[in-house]
Amino acid sequence: MIDVIITGDVLKTIAKAMVALVSEARFHFKEEGFHSRAVDPANVAMVIVEVPADGFEAYTVEAEEEEEVIGVDVNRVHDISKTIKSKELVEIKVEDSEMVVKFGSVQYSVQLIDPSAIRKEPKVPNLELPAKVVMDAGEFKKVIQAADKISDHVVFRSDDTGFYIEAKGDVDRIEFHMSEAELIEFNKAVARSMFSVEYLKEFVKVAGSGDLLTIYLGTNYPVRLVFDVCDGKAKVEYILAPRIEE
Amino acid sequence: MIDVIITGDVLKTIAKAMVALVSEARFHFKEEGFHSRAVDPANVAMVIVEVPADGFEAYTVEAEEEEEVIGVDVNRVHDISKTIKSKELVEIKVEDSEMVVKFGSVQYSVQLIDPSAIRKEPKVPNLELPAKVVMDAGEFKKVIQAADKISDHVVFRSDDTGFYIEAKGDVDRIEFHMSEAELIEFNKAVARSMFSVEYLKEFVKVAGSGDLLTIYLGTNYPVRLVFDVCDGKAKVEYILAPRIEE
Amino acid sequence: MIDVIITGDVLKTIAKAMVALVSEARFHFKEEGFHSRAVDPANVAMVIVEVPADGFEAYTVEAEEEEEVIGVDVNRVHDISKTIKSKELVEIKVEDSEMVVKFGSVQYSVQLIDPSAIRKEPKVPNLELPAKVVMDAGEFKKVIQAADKISDHVVFRSDDTGFYIEAKGDVDRIEFHMSEAELIEFNKAVARSMFSVEYLKEFVKVAGSGDLLTIYLGTNYPVRLVFDVCDGKAKVEYILAPRIEE
């Protein structure tokens, strides 16, 4: 039995985060909270969404086993979430083979998908990433959107002079630089990897100005981007494989 | 002789209301006020717009007969009305075969159409509709727009538990429900009819949050939707034929 | 050596003004300030942009000759300027064959173009234009945008009753009229010329409500439109050839 109440912003975030990579996903409800995890069809990126029980306004989950797992059409939930305001309260109930999403005087009933028909969740890889950068997620979003206009890949790099994002077009270049003093947290480790802007521009959609982003970076190695969103009520993590520079 | 002054919002409403169904219409100016009426080419819906003389800021109509009737290209008036602000004062004058629309330092001259070349206005049918529902028009608008995403028809129904709007997609459903306590007025009568969302989504364009909507509903029978808009200065009524459920 | 600081609104204005007519331009930096000038490929219109040194927040130009001249891809600068806020400070530095545009933590490097590869600037014609009209640029913009919907040319005319802008569609007409009392300045001279709306609608993009526009008008003769924008920090002048009325 699942019967929870959530604010619109958290539901919107869950939907946006998952829809960036997949169209169907398994939603897990445990006693301690909600999580979902998926890998994109090309196996280039992974998303992990977590909302602890206290990120909900009300959270009643009675699982027969350790958790309740449902299969969800993420596109549908994304469509519905667009019609909900950020501060609106939304009740989500799972009944028979339906997820009922209720807000105001409106209630949507969305058919569930058999979880076993959805691609198996990946294991979260254990990555050793030397550099740690904490910055405003809205600032990061702006840079990625600007880079998208001139190139299809960006370089993230860090050393003791700060953290850099660089993109090179055919004739133009863009460089973003923040020193340790301008960053919220920075361990000055040396790292450098290149990534696809196609993916990054989808990821930043969950981020707003004022949200915290923690970047874990290595050299020619995947990056972990951890977004703290909705005033800390939800966490969205992306792991993205590097593109190898020629 | 017609020479009236109207606020931008009222002119915009008249234009939006008519353009939902027709591209040409007869505008009637009587001593007691303005009205226009039209049926869409498919004979599925009728619109009736009324602005009493005191809904105008100034109203001078000197008719040779009981009323002055002009033929108007509704699309043109709609285009012009988009460039006018809601609170702007607009003078409308009919001179020779032109309608002159004047606001600020700008004046449009729109050629009139011979009223006899425009399809004859329908008689307003006398409908016995048991259920009466009064609610916020903005709320109704939101539900119709949501329903439009999953289906091309909706069911309106009422009984002593309240008023319902329901739409069923291939796999999903949406249900809107308001009890007597949540509605502004409700007579608890039993009724149920199905309607095309194509039409309804055009109708709701005249409505804003805070406007009053009165719904008169029967069973497998046309519905009357009466929108009180522009702070009561104008009334837009739609009559829509039902679609018969299989 | 060029190293200047400018507010976002001024950079946006320079970019918008030039991009209305050309995709490449020569930017001149003299001791007393910046200017650029260009003619469109059809030789119908000329643009002149001027920002005096005190329109910059900081202005360091050390020219070997009388001035520094660089060749600029105006489309690129326009794209970049869209990502900058009006009040943001922007540093522009010319280094080697690059123009570096820096704001916040972001820096764009744009390849320069050899100025000798860009079409030679025209001489500014010496025009005797009897009528002078000063009005709000935002008001002018609204009229041009309205005229654009019904015709591809407009007539500007003036006499002792005021200044007029007129457009005639197939069936409809629009007339804008301001008397001497409604205009900021007006010398009541008689003049009348017709112009292409295609050009005018591009020109008005630099203008906002509250900006000052001075119009110098003759009879079947080019018009000069001088826009004072960005709180007087920049001046954009367009000279547009007339279309001869049949």
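In this document, chain identifiers A, B and C correspond to the written order of the chains, with residue numbering beginning at 1 in each.
In this text, contacts are C-beta pairs under 8 Å (C-beta built on N, C-alpha and C of every residue); 3 or more make two chains touch, one makes a residue touch a chain.
Keep in mind that this is a model prediction, so the values were computed, not measured.
Undergrad: To lay subunit A over its twin subunit C by CA atoms, how big a turn is needed, in degrees to the nearest 5?
TA: When the C-alpha atoms are superposed, subunit A turns by 120 degrees onto subunit C.
Undergrad: For copies subunit B and subunit C, work out whether under half or over half of the interface numbers are shared, and give different or same accordingly.
TA: different
Undergrad: How many Å are there between the centre of subunit B and the centre of subunit C, using C-alpha atoms for each centre?
TA: About 44 Å, centre to centre.
Undergrad: Two or more other chains touching the same residue: where does that happen in subunit C?
TA: Touching at least two other chains: none.
Undergrad: Could you pull out which subunit B residues touch subunit A in their complex?
TA: The contact residues of subunit B facing subunit A are 139, 142-143, 145-146, 149, 171-178, 182.
Undergrad: Using the touch definition up top, name the residues of subunit C that touch subunit A in the complex.
TA: Listed in rising order, the residues of subunit C that touch subunit A are 73, 76, 79, 83, 104-111.
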